[in-house]
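Below are structures written as structure tokens.
Presented sequentially are two complexes of chain A, the first with chain B as partner and the second with chain C.
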Partner chain A sequence: MTASQIIFYLISAFILSMGVLSVTSRKIFRSAIWLLFSLIGIAALYFWMDVQFIAAVQIVVYVGGIVVLIIFSIFLTQQSGKEMPKAPLLRTIAGALAVLFGFAFTFLLIDQYGFPAIDQPFDNDVARIGNAMLNTEQGGYALPFEVVSILLLAAMVGCIVIALKTKPEEK
Partner chain B sequence: MGAASLIVLILAAIAFSAGAILIAKVVTKATKNKQKAEPYESGIPTRGPSWVQFNVGYYLFALLFLIFDVELIFLYPWAVAAKKVGLLALVEIIIFFFILFMGFLYAHKKGALKWK
Partner chain C sequence: MSIFFLLLQQELLLTAIIFVLLFVKLSTKQWNSQTVLSFVNILLVVNLAAGFFFKEKGTLFGDMFQTNDLLRFEKNILNLGTLLISLQAYNWLLKHKHAIEFYLLMLSTLLGMFFMLSSSNLLMFYVGLELASIPLAALANFDLDKKRSSEAAMKYIMSSAFASGLLLFGISLIYGMVGSVNFTDIAVAASENPLFLFGFILLIAGFGFKISAVPFHLWTADVYEGAPVAVTSYLSVISKGSMLFVMTSVLSTVFANLLFQWYNIVAVLAVLSMIVGNLFAIRQQNIKRFLAFSSISQVGFILIGMSGANIESHSSVVYFVLVYLFSNLAAFAVINVISEASGKENIDDYKGLYKTNPALTWVLAIALFSLAGIPPTAGFFGKFFLLLGGASKGNYLLIIVAALNMVISLYYYLRIIKAMFMDANETPVEKLAISWSPKISMAVCMAGIVVTGIISGAYEYIYSLLK
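Moving on to the complex of A and B:
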């Protein structure tokens, strides 16, 4: 086993153990913090794969944005500090079965793909992403880039409409 | 070589921090009293629980932040490629920003950015 492989297994073990802790923790706030560590681990995995831009996106959006959102939504509830009751046995078994089937399904699908080695070096330069994004010619991504802004606009309008719905009762 | 030195770095980091904690545990004389367990030692005694319900405003701001966060992601590749692409890049990013600015105006108009 090479040193690079050891790093991979270390990061994977970190991600998986943090994920298990996140699911099994009885306190919902702690779950969110374990999730945070798990997402940081995934960013580490991206760095290990040498895709720095994706790793930066992972940290900025998932660690810096979504986890903050989750923590705020936990604090919106009244039970943020309370210990959750233990799940009934039947639900634990059902959950384990669902996980098992999900794992089997994904594993079989991924296993079908042979993962052939490619000859050309992997180019993941940010400049290349930018050039493709701004390219208006055939095969460019200029239109999807602009459509993304409309998607973000729709998301923004949607979240304002939903979040401000319960306004009349206060005041 | 890079990966091996990374492993050494991780081990050294764990050893140093664990060593510092262990040495502090061994060398210092630990005293325990009620005062020490307070959140603000030699401060005003705290009242009530610290797990309070947050204002919904935080959530709304976090939601809007997340959207501009995603917008920010697109700025990085744009900034790297902008000089080479030239004027076209400027036009494209202005269209991109204009559409998102409409969303910002909408949020402002609806009072989502007002602190209640």
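Moving on to the complex of A and C:
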């Protein structure tokens, strides 16, 4: 095993264990923090893959933006110190079995059949990403880019409508 | 340059309407809600009419977008359905504070469906799908002071996120195998490699969630029951219909190599959907829940037609979605009027409806006849063509199961008709005055049920588009 592989497994173990902690923690605020670490781990994985730009985006958007939003909304809505009830044992076992089965199944399939087109060199230059994003010709991503912006607009409108809702009179 | 506008005409017009509405909302002037609603409905009529004027076909943005006669026609069907739902929701929206936002969200999801229909790679397909489902969760929450409505939205967004996760995992496996997300490349590379098949199955799970085929149907009943009636009808007709269009064409073109595999998957989904949908529909008391299970079993029949995998079966699916749109929207129009006026949504409340509201009763009865597939309504021909398309594979066992299920479904549709016409009720729904807009919508649906059934032109037209 080379050093690079060892680093990969270390990062992956970090991501997975943080993910497990974020799901199993019974305090919602802690869950959010574990999620934060898991997302930082993914950014590390991108650095490991040598795609610095995407790693930076991962940190700026997920770590800097989304987790902060999650924490804000926890403070605004939930009692963050309260412990949530424990999941029933049967559900824990069923969940663990489903994870185990899904993991084993996917792992065996990928291990046996593999992906054919690996090791293709790819150019992750920021200038090229920027050009592709606004290119309308073959291989350009202008259309999905625009459609996603409409999605964001619609999502914002939807959030505002739901959040604006006038509370029924307090009794 | 002009070809750009002609090809994208339907999407651009819809986007323009969305932005006009956004500016109307943002303007400082307080518009009278009656004026706004009439204005929106006029825009939707224009939007529907404009779709019939252009015939250009081609691709844009490299391979991101394609359009042709069939896709245009399918989009026109969706436009028509949206207009009808908008007319039915008129009275509800008149009292609602956020009527414009309702249209903003609804038209955004429609736009997403258009891009999904026109996609020629998995990336655009996925982006369109998300645009078509995330705003729908907000729409399901539009009865803002009802807890059930929020619950419906919550259930919808959670299960839709889960389905998206499965779908994305499938897409990434396929991308890993093929090295491209283009439909043409995938069609060439599609093979019986188990890893590819696993990705394909996950893709079908994503489809199955949207059309709520059993076993991906668990969200359906709760969301349909909790959401406002207009949103329920939108979910059951437009959202489902668009996904059926995409699924039919993707399965028969992109995955033509895997015909044997997907035929078996679709057949199993069809049988499960019909049986589970029917058995649960029999014991429902709430009429929206009832229609949720009835729509699940209808999807089972559509999947039978889809399994034929030839031009006839493809056109039978498109034709049935058109017929289903008229029938289901007619039923929802009546439910909408009654629920709006009296808040009653249980089947028992419909007892004795004929005594007080004969016109509404007849509309609902004809809609249910059409859903059950009784001649001479269009539903009969729709189901007939579906079974004919499915039978072309020679798997008669499947067709027999479908025929038996049609008998079961007849029982529970007739149960409602019996309740309306024959059962006595001490406190029936009082006599309702129906305003002009639901009336127009019901008239169009009734005309649609009769015309698409009696005149064979509709089916032949769809068939000619596919040739």
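Couple of notes before you dig in:
The criterion applied here is as follows: the second predicted complex is superposed on the first by the 144 of 171 C-alpha atoms of A that agree within 3 Å, B and C clash if a C-alpha of one lies under 4 Å from a C-alpha of the other, contacts with A are read in each partner's own complex, and residues count from 1 in each chain.
Note that in this section a contact is a pair of C-beta atoms (placed from the backbone, for glycine too) under 8 Å apart; a residue touches a chain by one contact, two chains touch by 3 or more.
These numbers come from a predicted model, not from an experiment.
Of the two partner chains placed around the shared chain by superposition, chain C is the only one that A:Glu137 touches, whereas chain B remains out of contact.
Shared-chain residue A:Val148: touches chain B and chain C both.
Of the two partner chains, both chain B and chain C are touched by A:Cys159. Of the two partner chains, chain C is the only one that A:Ile110 touches; chain B does not reach it.
The partner that reaches more residues of chain A, of the two candidates chain B and chain C, is B. Once the two complexes are laid over each other on the shared chain, residue contacts for A:Phe53 go to chain B alone; chain C is not touched.
When both complexes are overlaid on chain A, the residue A:Thr77 reaches chain B alone and has no touch with chain C. Once chain A of one complex is fitted onto chain A of the other, the partner contacts of A:Thr2 are limited to chain B, with no touch recorded for chain C.
In the superposition on chain A, A:Leu69 makes contact with chain B only, while chain C stays out of contact range. Overlap of the chain B and chain C interfaces on chain A comprises residues 136, 142, 148, 150, 153, 155, 157, 159-160, 164, 166. Of all residues in chain B, those touching chain A in their complex are 3-4, 6-7, 10, 49-54, 56, 58-60, 62-67, 69-74, 76-82, 84-85, 88-89, 92, 95-97, 99-100, 102-104, 106-107, 110-112, 116. Residues 2-4, 6-7, 10, 53, 56-57, 60-61, 64-66, 68-69, 72-73, 75-78, 80-82, 126-127, 129-131, 133-136, 142, 145-146, 148-150, 152-153, 155-157, 159-160, 163-164, 166, 170 of chain A are the ones that touch chain B when the two sit in their complex. Note for the complex: chain A touches chain C at residues 105-106, 109-110, 112-117, 120, 136-144, 147-148, 150-151, 153-155, 157-162, 164-166, 168.
Note for the complex: chain C touches chain A at residues 15, 18, 22, 60-65, 98, 101, 104-105, 108-109, 111-112, 115, 123-124, 127-128, 130-131, 134-135, 137-139, 141-142, 144-145, 153, 176-179, 193-195, 198.
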